[in-house]
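The two complexes that follow have chain A in common; it is paired with chain B in the first and with chain C in the second.
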Partner chain A sequence: MTVPAMERLVRAARDTRGYVAAWRAAHPDGKVLGVMPMNFPRELAHAAGLLPVIVPDDQEPVTEGRALLPEFYCGFTRNLADQVATGRLDLYDAVFMADHCIQLVGAADVARQLQPETPVFFGMLATSLSDAWAGQKVAEMMNTFREEVEALSGSKVTDESLRASIAAYNADRRALRQIFDERTAGSTAWAPTELQDLVASAMVMDPVEHLALLELARAEKVGQPRDERVRVHLSGHMCHAPRRELLQVIEDSGALVVDDDLWTGRRFLSTDVDEVLEPMEAIGHWYTSRNGNLPCPTRVQHDADWDTWLVESTERSGAEAVIHLMPKFCEPHMLLYPELRKRLDAEGIAQLLIETEHEGIPLEAFRTRVEALVERVLRKRPAYA
Partner chain B sequence: MTTRHYLGVDLGSTTAKAVVIDGLGGIAASSTIAMGAVSRRGMQRAIDAALESAGLETAELSGTVSTGYGRKLVPGVQRTFTEITCHARGTSEMVPGVRLVIDVGGQDSKAITVGSDGLVDEFAMNDRCASGTGRFYEVLARALECEIDDLGALAMQGNDDLEISTMCATFAETEIVSLMAQDLPVADIASSVHRAIAARTLALVAQVGKRTPVVLTGGVARNPAAVHFLSRALRVEVGVPEQPQITGAYGAALLALEADQRGRPVQDVAGADHLFPRTSHDEPGHSCAGCDGNLAGPVDLGASIAVRR
Partner chain C sequence: MTVTAPDRTNRLAITRAGGQLITDYWEKLFTARDEGKQIVWYNGGALNPIFQAAGVAWCHGEAFSARLAAQQMEGPAQLAGAEYGYSSELCSYSRTHLGCSVLTVQGEGDGSGVVGMHDQKELAARLPRPDFFVNNYAGCSTGQQWDEVSYRVFGKEVPIFNVSHPFLWGNKPDAGYLKGEEWDAASKYVADQLRELISWLEFQTGRPFDWDALSESMFYIKQAAELRREGLDLCKQKPAPATFWDWIASVAPINFLPGDQALVDYFAGVRDEIQGRIDTGVQAVEGEKYRIYFDGIMNWNKLGFLSRKFAEHGASVVAGRYIQNAFWQEPQLLNPSDPLLGMAQHYLLCPTNHGTRTLDHLTLKDCADYQVDGIAFHSTRTCRAFTGPQRLLAASAEKNLGIPSMFFEGDVADASFYKDEILESRLAAMLEVIDVRRERGSM
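After this line comes the complex of A and B, so read on.
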């Protein structure tokens, strides 16, 4: 019996280990690269014949890893440390990271220290994107990444192979974006957990295989008109997928997610790699343009700010409220949150902050808050004619 | 004169409250039953007591709305609303003009700013921490070996100059026992802990912004020391309604009344949602204070879910 496409995508999204095992069986000489979010160009690794997998929070409780990073590190980084401590990160032949936040650098350091046999490569990318020299520095680091993946795989990244990888990832992103656009337009009722699975599976799978399944899943999806729940935008910068039970509680409390800027959502899909430019130049351009397309609190750019993006995004999607999902203690988000809050207040957009934790989320307390937000927004809806 | 009556039920974490109001919003009867954790028996006793005191049978009610953590457990309700909405609604009726409601319940605290229309503006709730809640005061009373009802009077007699290092409900007991082991006056300990709790409540208020007039509701509002220290921390007078524990249930009853005035819902609708006729916000008699913006149209709130990972 054939397994429906959606089910296969869900399996890949929720069982990285299983997908990687199947890929290894089909590619006995292949190597799997663990990629830390959010800035490493997977196209380079793919062009070298590697399977680049964005390392997920595997949602297991933090046990032995507890001693490796302090409690004031975010749950994702502590989960990564736990994956190292308990041998779960052995899944990858190497771990690569392009600069993101200092806590993630700490998690990569844990992997380097505790798993010396696993190559851990950290590449610094310019964070201040308005600086004149940023482009040059980024280009240099992208070349270093290229050399590193070539050394790891033993294969050259040719312009031709890189162009093919760029095209494959772009096609997959485009197809995903189309689905997200349908959700925002209200023509197809994709639940946030479904969309999360679609993106999370794209983070793990080979892009060609993923796209084929995605198209089937889209065809299988029965169109359903949007209902009357309060339209919300889920905003956040967490480097992992929010807990599915939290997403379910949000939609079960009278809210309907119409858009997001989550890493396991629009943030992942924000930018394609230019297929006209020289491929290495295009890879650098991808990184330097991402922040303008969807601002990241770890980057600095004078002409891009998340609060303006958020306001414009709610105008596009018709979201009536914003729910911020902020992991305890995600410094980049915590530092920017007051700006977001002030701006949305000034624009009269209802909002709710949900501070998430790796373990033990108080779902019932969150349900009360979401329902209170829903009640607030419903009272402000214009009267029916 | 009206013969219609409405029931509001607030099933909280430690107490069940029920309020019966008449068709003009006046309180006909109320009851508060302390039953520990969210309890169906406590809820039923509270409902029975309120109905008995009002001289009514369930069948004579024209509408029921429930609120509180156990709101989905209350049988026969037309709608559920969160305690945020209900506390704001009930308090703004009891204390017209209120702008900031601080509700300290059995296991959580909330700060709610209320607009000039009596609607919720902003709200904040304490997170995963029983510090400063009714439960915390119970721990404090036990550690100080005094009755919970005497705790406030005791605290008002002491000096509040002791350093209190933890406000955690779990560790407070050991902290307090250690202070008592130093032979420090019990009244001073009680007073200092109240001061420290008030400072924490300030943090909650900071999330929504300080507005006046301020009203403290919930069982803790009956503790004079809690009111005194909160007032001092906020540097404004803190008002307390006559029956601070029932504001949520009262708000729920008012919402039932207002829904009925708009749509006269049938009495025995199963589940939390039902269809009201759609009217306009500016129709005579419409009060947005009880309106969910759909003019009581269908809202899918709180279907049951089984969450599995």
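After this line comes the complex of A and C, so read on.
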């Protein structure tokens, strides 16, 4: 029996190991690259013939990993350490990282120390993007990445193969973004958990295969207009997915998610690679422009303001409230949150901060708080005649 | 009835002179505006020689937070930060410093806020408003983000310059401590940015940069760093003539005091006092029984308390990552007549800017050199940079040197995370392990 397209996407999103095993069976000589979030250009690895998989928080409870990183590291990085400790990270032939988050570095270091046979390459992309020399440094690092993926795969990344990979990922991103744009414009065809699965599966799968399934899944969906629930924007979780049950609780509590800037949402889809520029130049440009398109507090760029982006986003989607989903111990988010709060308060936009954890999240307490937010917004709505 | 254990510490007398130098520095900073000086707030590596040569007054953010914590005065700034929205799990250096920023901005407005007017005056009015920020943070990603947020708290009106530092991960086969292609490339990259910083300072101050003054400052700093290194090496002596805590008391001088003859004289005094103790058989801890390595950033709220606590057990804390592997620790790299490369290299050598492979190499070497019996890991609650590799380092020390270790909770600048009973019980347990192993002849 043929498995429905959506179910295949969900499986890829929730069972990375299963997808990788199937890919290996179909590509016996192929190599799989584990890519740490958030900014490694997968196009380069794909053009070298690798399967680049963004390493997810696999939502398993942290057990042996507790002994490897402090309890005050974020849940995602403790989960990564646990994946190493329990052998769940062994499905990758190498792990590459481009982002300097000190907690992510800690998790990658655990992988390098405990799995010395697996290369763990860290090429730090410039984070201070207002500097005049940032573009040059980014270009240099992208060239280093190119050399490294070539060495790993044993295949040259030609301009032609890179252009093809760029086009494939762009097409997949565009299709996904269209779904998100439809939600912003009023469609309620997809639940937040479904959208998370669509994006999470794109982080794992080959883009051509993913796009084909995505188009099939879209064809099966029927659009629904918004109802009277309170329209909310989900903000935060910049490098891994929030728990699915939390997304469900939010919509069960009288809220309707109309937009987001989550890693497993708009943040991942924000920017295409320019197909007109020379491909290596385009890859560098992709990275340096991402933060302008959707600002991230892990970058330093004086003219990129997440708070302004948030306000404009709520105007586009009609969101009445913002729910901040802050992973506990995420320092970039903790640092910038007061600026977000201040700006949204100034704009009169209702908001709620929910601090999330990898496991043991108090769902019923969250439900009460979301319900309170919903009540607050409903009271602000104009009364019907 | 509370029984107070006798104090078995014997701290270096010279550190009092260091304390006076530090007090004088802060007083000068607090009155810098009156003297018509521009003021820079900066974080990370010791850029003060550049600021000294540029003729501006400098305030090191972490140092100011540490000072408040050491004086038990961090509360109002942290309260202001909490009211503004900073979580208590955020780096307490940054939280304290950002609280000062909030107080400064509030002080310029209506003075409203949860912190009383008296404390606002004490903190914000004494710490002069910055004319510009410079970020020079290696190792910890939070460092760069912290100054970017300071820039935003001040309404994006205070100019800022960022010096970026590649993390010394060690990808290439030739990578290692002070060697390899990545080290060379990173050193050059940071040195190039320092040149850019100097041009930027010339613009901000409206004056040409005084390169001779920089060379002069680095001449003194190199001498001071060499004397410091000599003093550190003397502490390999058994029993130890001075401890990690004495060196902690000397962090501020080497980290941010002006490069001048007074700095050299201070570290000559430190070295000479230690040598004098060796010559006359004076111990830093009465009846030294155990030699301990301290890994972790300092718990500034508990400096004196911790030194006494370890000494009560006859434990001499002889070395630590925050001392041996920080603060102009490789003076042979410094060339006063052409200083930028060596300065850049020291900024890169921040003890949180290495992968675990290098840290492991440094820790094992220090433990062997100082004949260490055990390691105390300060599990510094809000410092993810220092704490990340600690579990791996503990396992390696046990495996490679047979050295036991213990972890205790605390923080750099937030006393609420310190749990005395945990330290007491875990320290006692580790010392028992050492005793048992000695009895069995395995140590």
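In this text, the second predicted complex is superposed on the first by the 380 of 385 C-alpha atoms of A that agree within 3 Å, B and C clash if a C-alpha of one lies under 4 Å from a C-alpha of the other, contacts with A are read in each partner's own complex, and residues count from 1 in each chain.
Definition applied: a residue touches a chain if its C-beta (ideal position, glycine included) is under 8 Å from a C-beta of that chain, and two chains touch if they have at least 3 such contacts.
Everything numeric here is computed off the predicted structure, so don't read it as measured data.
Considered on the superposed chain A, chain B and chain C are sterically compatible, since they fit side by side. By the touch criterion defined above, A:Ser128 reaches chain C but does not reach chain B. Once chain A of one complex is fitted onto chain A of the other, the partner contacts of A:Gln248 are limited to chain B, with no touch recorded for chain C.
Counted by residues of chain A touched, the larger count belongs to C, out of chain B and chain C. In the overlay built on the shared chain, the residue A:Ala346 is in contact with neither chain B nor chain C. Within the superposed three-chain model, A:Arg379 lies in touch with chain B and out of touch with chain C [touch as defined at top]. In the superposed model, the vertex angle chain B-chain A-chain C (Cα centres) comes to 80 degrees (nearest 10).
By the touch criterion defined above, A:Ala365 reaches chain B but does not reach chain C. Closest C-alpha contact of chain B with chain C, superposed model: 5 Å. Looking at chain A, you'll find residues 355 touch chain B in one structure and chain C in the other. By the touch rule above, chain A contacts chain C in their complex via residues 67-70, 72-73, 100-103, 105-106, 109-110, 112-113, 121-124, 126-128, 130-133, 137, 297-298, 300, 302, 328-329, 331-332, 334-339, 341-342, 355. Within the complex formed with chain A, the residues of chain C that make contact are 84-87, 89-91, 94, 98, 139-142, 144-146, 148-149, 151-153, 156, 160, 162, 164, 166-167, 169, 171, 189, 192-193, 196, 352, 355-357, 379, 381-382, 384-385, 387-392.
Against chain B, the residues of chain A that register as touching in their complex are 59, 227-229, 243-245, 248-249, 252-254, 355, 360, 362-365, 367-369, 371-372, 374-381, 383-384. Those residues of chain B whose C-beta lies close enough to touch chain A in the complex are 69, 81-85, 108, 119-120, 123, 125, 127-128, 278, 280-282, 288, 291-295, 297-303, 305, 307-309.
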